[in-house]
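Look for chain A in each of the two complexes below; its partner is chain B in the first and chain C in the second.
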Partner chain A sequence: MRDVAVVGFAQSEHSFSDLGWTEADLVMPVVNEVLETTGLKRSEIGFTCSGSNDYLVGTPFSFVAALDTIGAWPPIAESHVEQDAAWALYEAWVRIQHGDIDTALVYGFGKGTVGDHVGISSLGYDPYYLAPLVPGHVAMAGLQARALKDAGFDVDPDPTAPPATDGAAAVILAAGDVARRVRARPAWITGIDHRIEPHSVGARDLTRSDSARQAAERAGVGSGSGAVDFAELHTRFDHEEVLLRRELGLDEKTVVNASGGPRKADPIMATGLIRIGEAAARIHDGSAGRTVAHATAGPCLQHNLVCVLDSEGQD
Partner chain B sequence: MTTQASSASQTSDERVLHVLEFPGGYTRSTGPVIGRFLTGLRSGRIYGVRTPDGKVLIPPTEYDPVTAAALGAADEDWVEVGPAGTVTSWTWVDEPRGDHPLDRPFAWALIRPDGADTALLHVVDSGSKAAMATGMRVHATWRAERTGSVKDIAAFAPGEGPAEVPVLAGEAELEPVSVVTLPHRLEYRLRGGTVWNHFIDGMAVGQIRGTRCAACGKVYVPPRGACPADGLPATEWVDLPDTGVLTTFAVNNVPAAGAPEVPFISGYVLLDGADIAMLVLVSDVPWQDVRIGMRVRAVWVPEAERTRSVKNLKWFAPSGEPDVPYERFEEYV
Partner chain C sequence: MGNRCAVIGVGQTAYRTKRADVSLAGLVREAALRALEDAGLTFADIDSVVLGKAPDMFEGVATPELYLADALGAAGKPMMRVHTAGSVGGSTALVGTSQVQAGVHERVLVVAFEKQSESNATWALSTHSPFSASLVVGAGGYFAPYIRAYIRQSGAPGNIGMMVAVKDRINALRNPYAHLKIPNIDLAMVEESMMLWDPIRYLETCPSSDGAVAMVLGSERAAAAAAAATGRRPAWVHGAAMRSEPMGMAGRDSVDPRAGRDCAADVYRQAGVTEPRRQFAAAEVYVPFSWYEPMWLENLGFAEKGAGWKLTEAGATAFDGDIPWNPSGGVLSSNPIGASGMIRFAEAAQQVRGQAGEHQVAAAADGSRLALGHAYGGGSQFFAMWAVGANKP
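Now for the complex of A and B:
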C-alpha cells in the first residue's frame, strides 16, 4: 500500500435556501480554494472524481455541468459516482494505489433545497417492494429509531431530518513525498473500507449495523496506535450517533462531530466527504493525532464507509 | 438518468416549477422470484421464499443476502405466510402525501407475517398513533382491484383478522405477473441564478448573450459560469448576432414539445463570434434541403408577443448566404 494523505479540504458556505447557484457556481470556489491551499495547479492533478445525484435537481448528467470548474478540456482523467463523494474519495484512493499518479482531486455537491426529498429518496429504493409506497428517508429513519428505543436506547423515536442544504466540498489526496511537500502535517489515510448490508430493512436487525462494524474493523479504528481524538460521523438523524458509536467502538473520550455534523449542514452528496475533510482538518491544524470519518448511504445506514486518519504515516 | 418529459412554468415567487415526469411510468421486468410474489399478492396471498438454512424471507429476494445462494427455483422453496403478523417496528405519519397508500394519518411498519423470519414494509391503518405498539398483531386487508403490486395489500389493520380477500374477476385467466410499472413524477422549484437571468433578459428583447473566458477568450452560448478549458469564471458578457452556421443536425420523426411539426430538425448552430455550438430547432426549409455548413438566421416571435422566455427564439432558418466550407468550423464539430 502507498501512503496517501488528505492534504487539502475546502467546503462552501452552505445555504438553506436556493440562491440560484449552478453546479459550477457551487463547485468552483471550493476547487479553487483547495488548489490554493496546497499550491497545486490544475495541470498537476492526476485524477479527478466527483459525487452527485441527478435526482436532486431533476437534471440528467448534472455532474457534467460542474466539470467546467476543473478545466475538463482537453480531456482529463476523470470519473464520477452517483453517490456521496466520500465514495468518490475511495475511488480516488484506489486510483492512487495503482502507483502511476500521486495526486487526486475529489469533490461533491448537492442542491438539497429545490426538490422533494421524500420523493427523491423513495426513487432510490427498489421499484418492486418499496418505491411504490413512497416511504422516504425520514420514515425509514423512524423505523430504526423506534427499534433502538424499543431495545432500550435513550433516543427520540420520532426523528427529524436536517434542514435541506445547498453546498459543495473538495478534497485533495496526495501520496508520499508529494503529500509532505504540499502540506506540513498531512492527514494520512491509515485505513479505509466500506461494507453494505441487505437492501431490505425488514431483513436486518435495525439495532445493529454489521456493515459499519465490519468497515471500522477493516479500517483499523480499534487497532491503531492511539486513541481516536475526533470522529466525524455521517449522522443525519440523532439516533444514528448512538448506534455508530457502538459499532465503531468509540468510547466517551472521542469527540463526535465537533464541526456540528450533518445536523448543521447537509449538502447531500457532499455531506460524507465533508466528514473526511473535517476529520483531516483536525490533523492539519494540529488539534488531533488520530481521527475517524464515517459516511453512509441507503436506508437505515445500509452502506457504511469508515476512514481512519493519522498524523503519522504507516512507514 | 434520462428525461422522458419535463415541463416548466413560473411560480408566483419567481421560482420556476420544474416537473420531471415519465408519462405512464417506468416498466420493469420482475424476474421469476419477484413475479411469483406479486402474482401471489394479486390472488390475495403472501408468499415467502425459503433459504437453504430454512429461513423464510419476506418479501422474497432472488439471492440469500447472507450466502448469495440462488432462491426460489423449486416450488417447495415457496411457503405461504400470514395473513396475520407482528409489528417489529413502526413510525407515525401525521400528514400523508398524495402518493401515499392511505389518505389519512397512518403508521409505516415493519410487519413479520406468521411463518416468516423477516419483515415487510407496509402501512398500518390504526386510526391513531396511540393505537400503535411494537409487537402488536395486525392482518392484511386487500384491495378489490389487484394488479400484482405491493399495493394490492390496501393496508394492515390491527388484530388477527378476518383476512377477507375480495374476489378478483377473471383471475384464473390472468398470466403470471412479469412486469411492474412505477409512476415517476418529481417537482422542483428552481431559481435561474444571475447568469441565466441575464441571458433570459436578453432573450426578452431578442438578443442572444454569451460569456467570454478572461483567460482564453473563448465565447460560450448559452452562457456558462465557468470555462471548461481553464476551470475559471467566464463572466464577461458578449452580445452575439443571431446568425451562424449549422455544424450538424438530425431529422426527427417523433413529435416533441416545442417542435414545429413532424419531421422536425434539431441541430447545432455555431453563432458568428461564438466558440461553442448551440442546440436549436431548424425550420422554414424542407428537411431534404438541410445540410451541414448551411448559413442560418434566428426566427423570432413578433416583438409584441415576446415574453421573458427562450421560446422567443422560435427556430433557425436558412439565411440564403453561401454555405460555409467544413474546414472553417471543423474545430467546433
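Now for the complex of A and C:
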C-alpha cells in the first residue's frame, strides 16, 4: 500500500439550532479553509468524495447543491456515499492506492436540527418488522446499554442522545512526497479498515462488537508498539466507549475524545470524519505520535471503521 | 489504473412494474446469487460488498445498506453505499472496480437496485423543500428544455426521438429481463402516445421499474480461477472514470456537458480508443428519454457536434447497424433508476463475454473490439463510464 496521510482538516462551528444555513452554506467555508491550510489549489486535487444523508432535511440529492459550492469546474473526478464521510475518506484512500493521483478532498455535512432524528434513524432499520415500531436510535442504544449493564459493566442503562447538530467537516489526503511538502508533520494512515455485521440486533451479542474488533485488528491498532496516545471514537452514547475500548484494545493510558467527541458536536454524516480529522490534528500539532479514529453507523454499532494514524510513515 | 480488474459474474432480476413477490432484501439477493452463480462462487468467496441506489426516498428506507447487509452476505466484510444520483449504478461498479485496481480486494460484489413501486419517483424527484421551490415535475420536466435546445441547435428532424423509442423497444423483445415489451411498436404508435413534457411523448420516456443487478469483480487471479471453473470468459476493464460538474453555473452547456466529454476522454485514453464508432462493437448508454441517444452520440464522440441524429436516422445505432446502441433495450425499456447505470455496465460486459443471449451483437462476441457502459445523473452533471473488452488490457 502507498503511504497516504491526512494533511488537512477543517470543521465548522457546530450549531445546536438551525441558523438558516443550507448544507451548501455549511460546506463551502470548510472546503476553502482546508485547501488554504495545505496551500493546495482546487485544480491540484485528484479525487473528491463526500458523505451525506438526504433524509436529514427530507429532500433528495442534498449532495448536488453541496457540489455546486466546491468549485467543480473544470469537471472533477468525484463520488458520493450515502454514509458518514469517514467512508468517503476510505473510498478516497482506496482511489489514491491506484498510484495515478496523489491527493483527495473529502467532506461531509449534516443538518440534524431540522429533522426528527428518532423518525429518521428508524427509517434506516429493517422496513418490514422494525421500522414500523419507530424505535429510534436512543431506544436501540438502550438495548445495548442494558445488555452491558446486565453483563456487569459499569454503564448507565438509560442512555441519552447528544443534541441534534448542524455542521460540516473536510479533510485532505495526500500521498508520499506531496504529503511531506504540504504538511510538516503529516498524519500517516498506517491502517484503515471497516466491517459490517448483521443488521438485526437479535442476531448479535450486544455486549460485543465483532465488526469493531475485526476492523481494529485489520487496521493494526495493536501492532507495533501498540501504544495509542489519543483515540477519537464515534460514541454518541457513553456506554459505547466502554465497549469500544475493549474491542479496539485501548488501555487506560489512551485519552478518548479529547475534542469533546460526538456528545459535544454530532453533525450526522460528518461526525465520523471529524473523528479522523481530530485524531490527525493531534499528530499535526505534535501532541501525539500515534492515534486511532473510529466511525460507526447503524443500530448498536452495526458498522465500524477504524483508522490508525502515525507521525511516522511506513516507507 | 492500478491492477487489472475483470467482470467475472453478472446477475440480473426481471424488471417489472411491481415485484410484489419479493422484499427489498429478496430483490437484491436474487441478483447477487445469480452473479455469484455465474462466477462459480458463493458469498463466502466475496471480500467486499458495494451497494448503490438512487435517493432513499424511492423506497422510504434510509441508508438501506445497513438492513441489506444480511441479505448480501456482508457480515464480517466491508460494505459501502454509493449514491451519485442517476449515474449511481455506474459509480457503484467503479467504486468496486477501484477496490480491485487498488489491490485492496480480490473479489468484490457490486449490487444496485431500485424498487420504485414502493413509492412515487416523480414525487421524490420533485420535492426541494424546505430551501427552494421546485420548478420542475420529475426528471422529464427537467430535461425537456435541454432536448428542445438540442433540436434547435442541431436542426434535427422531429421524428428522431420516436425512431430511438421504436428501436430500443424492438431490441427489448430479445432481452428476457426487459420490462417493456411492445411487440407491434412502430412510429405511429409512439406519435399517437400522450405528450408528457414537450417534446417527450409517453412512449419516448423510460418506465418505472423494480429490479436489481449485480456483478462480481475480480483481480487477475480471481478472473483466471473463475474462467477455469465456469468456462465463461471475463470482461476486462480497459478504462474507467467518473466526472462531475456543478448543476448551477452560468455558461454551463447542459445539452453537451463538459463532464461527459471529459469522462469519455479519460476512459478512451486509458483504453486506447481514438475512433469510438469503429473501436466499440456495442454501447450501452443511459438514454432515459429518446432524444438522449443523438445527444450522447455527440457528447461521447461517436458523431460530430450537431450530427448525432444522422447516425440514428441512418440506422447506425440499430441492432444490425455498425455501432449498436442499447441492444438490451436500454433504459427506455427497463428503468429501476439506481440500477439502470449498472445494467448498462453489466450489459456491456455481457456483450464482450459473448453472454448476451438473443441480443448478443455478433461483432462484440469475437473479442476484438470493446464495449462501452455509460451512466449519467443529476442535472446531466454526474458521469460514470467504462470500456470493457474480452482481452486483457
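Some notes on this structure:
The working rule: the second predicted complex is superposed on the first by the 311 of 315 C-alpha atoms of A that agree within 3 Å, B and C clash if a C-alpha of one lies under 4 Å from a C-alpha of the other, contacts with A are read in each partner's own complex, and residues count from 1 in each chain.
Rule of thumb we're sticking to: a contact is a pair of C-beta atoms (placed from the backbone, for glycine too) under 8 Å apart; a residue touches a chain by one contact, two chains touch by 3 or more.
These numbers come from a predicted model, not from an experiment.
Shared-chain residue A:302: touches chain C; no touch with chain B.
In the superposition on chain A, A:80 makes contact with chain C only, not with chain B. In the superposed model, A:213 lies in contact with neither chain B nor chain C.
Of the two partner chains, chain B is the only one that A:42 touches; chain C does not reach it. Once chain A of one complex is fitted onto chain A of the other, the partner contacts of A:202 are limited to chain B, with no touch recorded for chain C.
In the superposition on chain A, A:21 makes contact with chain B only, not with chain C.
Using the contact criterion defined above for the overlaid structures, shared-chain residue A:124 touches chain C, although it does not reach chain B.
Contacts of A:239 after superposition on the shared chain: neither chain B nor chain C is touched. Contacts of A:145 after superposition on the shared chain: chain B is touched, whereas chain C is not. Residue overlap on chain A between the chain B contacts of one complex and the chain C contacts of the other covers 22, 54-55, 57-61, 65, 67-68, 72-74, 114, 120, 123, 127-128, 131, 197-198, 200, 203. Residues 18-22, 24-25, 28, 31, 42, 54-55, 57-61, 65, 67-74, 114-116, 118-120, 123, 127-135, 139, 142-147, 150, 157-158, 197-198, 200-203, 206 of chain A are the ones touching chain B in the complex.
Looking at the complex, you find that chain C touches chain A at residues 1-2, 23-24, 54-57, 59-70, 74-85, 91, 94-95, 98-99, 101-104, 124-125, 127-131, 241-249, 257-259, 262-263, 378-379, 381-382.
In the complex of the two chains, the chain A residues touching chain C come out as 1, 22, 48, 53-55, 57-61, 63-65, 67-68, 72-83, 87, 90-91, 94-95, 97-100, 114, 120-121, 123-128, 131, 193-200, 203, 210-211, 214, 297-299, 302-303. If you check the complex, the residues on chain B that touch chain A are 1-3, 6, 15, 18, 20, 26, 28, 30, 34, 38, 57-59, 61, 65, 88-93, 97, 99-101, 108-112, 118-123, 134, 149-151, 180, 182, 184-197, 224-233.
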